[in-house]
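What follows is chain A paired twice: with chain B in the first complex and chain C in the second.
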Partner chain A sequence: MADIAAKKPEQPEQPEQPERSRKAATAAGAEDTGAVWRAHGTDRRSTRTLRLRVSAALLTLTVLAVLLVPPLVQLDQQAVDLAAKLQPPSWAHPFGTDDVGRDLLLRCVYGLRVSLLVGVAAALTATVVGTAVGATAGALGGWVDRAVMRAVDTVSSVPHLLLGIFIVAMFRPGVWPVVISVALTHWLSTARIVRAEVLSLRSRPYVDAAVSGGASRWRVAVRHLLPGVLPQAALAAVLMVPHAMWHESALSFLGLGLPTHTASLGNLIQEARGSLLAGQWWPTLFPGLFLIVPTLAVAGLAGAWRERINPRRRSELML
Partner chain B sequence: MLELRDVTAGYVRKAPVFRGVSLTVRPGQAVGLLGPSGCGKSTLARVAALLHHPDAGTLVVDGTPVRRWRHRAPRAQRTAFGVVFQQARLSADPRLTLTDLIAEPLRATGRREGVGGRVAELAATVGLTSDLLGRRPHEVSDGQLQRACLARALVLRPRWLVCDEMTAMLDASTTAALVRVVEDYRAETGAGLLAVGHDRVLLDRWCDRTVEWHTLTGTPTDTPIGTPTGP
Partner chain C sequence: MARLAGRRALFAVPVVLVVTFGVFAIAAASPFDPVKAYAGTAALGADQETLDRLRDNLGVDRSFVVRWWDWLTAALTGDLGHSPVMRQPVTEVIGERLVWSALLCAVAFTVAVLAGTLLGVLAARRPGSMLDRAVTSLAYLLEAAPVFWIALLAVWLFALQWDVLPAGGLTDTASARVTPGQVASHLVLPAGVLAVSQLPWFTLYVRQGVGDALAEDPVRGARARGIGEGTVLFGHALRSGLLPVLTLIGSRVPELITGALLVETVFSWPGIAAATVEAATAVDFPLLAALTVLATAAVLAGNLLADLLYGLFDPRVKLSEM
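Then we have the complex of A and B:
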């Protein structure tokens, strides 16, 4: 510890924060022989906590906005006001108005609602499919495993946006075709993760013990293997929500996703393209931010979660 | 009778861990198997307990030749074996409490009635106090967990016990207690025992017959150069 204290003044560019938390950690762990190690851990922990809090706050804000604004405000997001078209942000319209005078704040909230719905539904479907396929392949092993994983490789060798477009094109525009399209192109990574995890769990002696105790294949899978992979699968699902939202936006932007009158983030950005070239930046910026902020928030949360469920990090974790 | 005849087994088909091993355990008999680490005695124990498919050779359990291993083996055949592994930590599902751990074979085989009573009875036998039973594996010591694993191995009243280095990680008093539990169970039920280990003193005192690994293999030259064949 004296070592660190001596080196400290030579690094004046370091911010105040780590210094304080390091002192706090030393005080807290003074009786502990691992004080140096803990001080280091605390630094990383405080950044991690900050990131976790900011992410959680942003995500809560997003979810609250999506859930509460439409029922509370009771304004018509489709209300056209040609007299107020393409107005820059003001107190009356904080995000400005679009080319037919619709309020962009309201449109963005409604758009986010649709995009989130598609994202969550697609991520859940993809995770269920991926977990089922991956767990089956991993638990059965042998030729089933080889066949299933080669099939997964084959599907993932097709560019997934292309495959998604193909699937969407088979249906009339709407929310569910987009959900199906995104889900069917995104279960592959989950299947791989789950299979790898099941393979590693399958060779544990406790599976041997279960087999010897008369457990059927099914029971081993459901009682001993699946609970072990669920944290990983849940993490994959959470990370997939923003990805699915982007995918939905991409499809809508290409005019293949949701019907054009539905406010989705992709549709909003697509409609704003023309005005961006004319110098009106707000119809593009705000839907873009609505897409980026939840993405970063989810990534931040998932990162914190991953560190929490990763057993190798567990030793330095304070719950 | 538990008969292993000319068994060849391993994890890579071209390079088996051992070839042509034969071993017989009579009902009620306790056989100790001594060998250096890495020689394949744990693999042999797994083959004997129907947990590992051998590449060649036959296994006859109570007069019935075994044709299928692991899940594919008839349930009655594989539950005739109680298996205790070396590392209790790895052989216990981290999510189950000790009660569920011990009761798991009963539930897996559909014997749900009287689970509580049977678990309490076995817990007392292996020396687990009731406050430990509600804990999960990471909340108990290795010795306590190994006691629970032994209880799990006994819960279906197996005719054969396979103890694969059961006491290698335990202190002397826990070792003595677990060996006592196994011996009491065998005295009561007449079960046969295959105990794998490298502690000659323990196995000599515990078992009716102790066999050295190198006397079993048909091709003793297979042992790696410099491998000690005994103390």
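Then we have the complex of A and C:
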């Protein structure tokens, strides 16, 4: 709760927090507090283990599919077969085919691969930027801290998708503008988390010991503070991946994301709009499910992880 | 109260200023060329002399700080520039479309708050029950689902399969006038989808707040006095459980704008969010800049509202101390 304490005291909670971290907090927080007042009822522990296992299995399946299918399966996702266009799901094509007869299951796996790559790249960039900014603000304190946190507040008062749209519009759609625009809108939550963590670490006795032992400011930051915040930063990065994927899909869907030849899940949904209006639901339904599954799996895992590292802290870190 | 609002609004001014500056700085750093954007396809056939004159007229060669200052001083007098894509002044575009966006968002938000509160209370009443599990699972699922995907599936189901609601637009294409009945029937799907996208958050928070409140002494006391379950739930538990949710309502503006951007685009709703996407696709800088700043102002107003509501509804917080 260091974050709350350090922020403007009049804020009821942190209203300007970015959407997904709050979403994740809702997911984990509501559930965890549920544990406190749900004294009776079904066996929570088994439900929880089940959820953890299902999440882990789904995530493993997703990652395996993305990593293994393209090199192992000798199928061309772009293979056009006009004789088999817009076929509903069948055994030959479990997800059906699109308007030029491409197999949608294969398209979705490749789309997920693109979305996941963009998501991971954006989340990593955002985490590095956020950690650097947050650690600097927390470690230096004083006016640097105030100025940096003011800047964070300012950037977060622009709706994220809108800022992303603006950046992509100005720099023309493409892989890098998308990665950068998602990264630029997502480092804020990491910066806040890392800063709060650094602030709480800074007052620990071992840091005092290092300072009185003559450690330089740089050494304190790198050797004593940074290792302490890395677990939080890593958790934030993992949680950010689904959000970054969501962001990329939204941009691609609006026609402001990835070029169509590097089809992501958002592009697939965008392309399917024509067939949807003609009554074919499967080209729209399945790419969306491919977006939902990793999101839920990551949220489930993150909830379990948070509970494990500190059951009493609940979701406050991500709230 | 008014003084507090005024003071907090003053704090928002520098933020808006910095955002406008940032918008111009990003544009200056990008490969975007205002001359080509202004001239459009005509730039292809134009000779260099014309382009240079245009460049001079538009003042492109001056530094972006100067252009920002010009824009800002003009904006203060109510002139936000001219939108090349809409072929009309930016203020006119905003004026025509703001109403429709406000209508959509207001209806969606009201529905989301009411339905979310109801579902949250029902789920919190019997924790761990089938109903609670169903509501919670559904909330997580909807939270993870992209809103444009939900919108498209809703179009498929309601407009194509069942043919009960129009798929998009503000009125039927055949209709020349905008009548309330037409608008209402065209509003159902977009507002419904936007409400559904905002619903999980309210439901989960109300469920949590009411659930916490149900375990507290006032509720136990009320039950001990033999007060009916309905009064306990809605009179006691909901009142204290809703407090944190109520104060966060104002801070939902960014999510609402994000949702509106996608929903308006899917349903061709002639609102301001759809205009933003059009402006971005066509790189209409004057319109895009104005709308970005407008959205920021809306977010800040929402935050202000959150603060005020907090002081208004929680007697422990004195507004004079904020």
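Everything that follows uses one rule, which is that the second predicted complex is superposed on the first by the 261 of 319 C-alpha atoms of A that agree within 3 Å, B and C clash if a C-alpha of one lies under 4 Å from a C-alpha of the other, contacts with A are read in each partner's own complex, and residues count from 1 in each chain.
We adopt the following convention: a residue touches a chain if its C-beta (ideal position, glycine included) is under 8 Å from a C-beta of that chain, and two chains touch if they have at least 3 such contacts.
All values derive from a computational prediction rather than experimental measurement.
Novice: Answer with first, second, both or neither: which of chain B and chain C does A:196 touch in the superposed model?
Specialist: A:196: touches no partner chain.
Novice: Determine, under the contact definition given at the top, whether A:175 touches first (chain B), second (chain C), both, or neither.
Specialist: A:175 contacts neither chain B nor chain C.
Novice: What is the contact status of A:63 with respect to chain B (first) and chain C (second): first, second, both, or neither?
Specialist: neither
Novice: Pick one for A:288: touches chain B only (first), chain C only (second), both, or neither.
Specialist: second
Novice: Can A:211 be said to touch chain B (first), chain C (second), both, or neither?
Specialist: The answer is first: A:211 touches chain B but not chain C.
Novice: By residue count, is chain A touched more by chain B or by chain C?
Specialist: Tallying touched residues of chain A, the top partner is C.
Novice: A:54 in the overlay: touching chain B, chain C, both, or neither? Say first, second, both or neither.
Specialist: So A:54 meets neither chain B nor chain C here.
Novice: Of the two partner chains, chain B (first) and chain C (second), which one does A:219 touch, if any: first, second, both, or neither?
Specialist: In the superposition, A:219 contacts chain B only.
Novice: Pick one for A:162: touches chain B only (first), chain C only (second), both, or neither.
Specialist: Touch partner of A:162: chain C, not chain B.
Novice: By the touch definition above, which chain A residues appear in both interfaces, chain B in one complex and chain C in the other?
Specialist: none
Novice: Can you list the residues on chain C that touch chain A in the complex?
Specialist: For this pair, the touching residues of chain C are 15, 18-19, 23, 26-27, 30-32, 127-129, 136, 140-141, 143-146, 148-149, 152-153, 155-156, 160-161, 167, 200-201, 204-205, 207-208, 211-212, 214-215, 244, 247-248, 250-251, 253-255, 257-258, 261-262, 265, 276-277, 279-281, 283, 285, 288, 291-292, 295-296, 299-300, 302-303, 306-307, 310, 321-322.
Novice: Please name which positions on chain A make contact with chain C in the complex.
Specialist: Listed in rising order, the residues are 10-13, 15-16, 19, 22-23, 26-27, 29-31, 33-34, 36-38, 40-42, 153-154, 157-163, 165-172, 242, 246, 249-250, 253-256, 269, 272-273, 276-277, 279, 281, 284-285, 287-288, 291-292, 295-296, 299.
Novice: In their complex, what parts of chain B are in touch with chain A?
Specialist: Chain B reaches chain A through residues 46, 49-51, 70-71, 75, 78-79, 81-83, 85, 87, 90-93, 95, 104-105, 108-109, 149, 152-153, 155-156.
Novice: Quick one: in the complex, what on chain A touches chain B?
Specialist: Within the complex, chain A touches chain B at residues 204-206, 208-217, 219-220, 223-224, 227-228.
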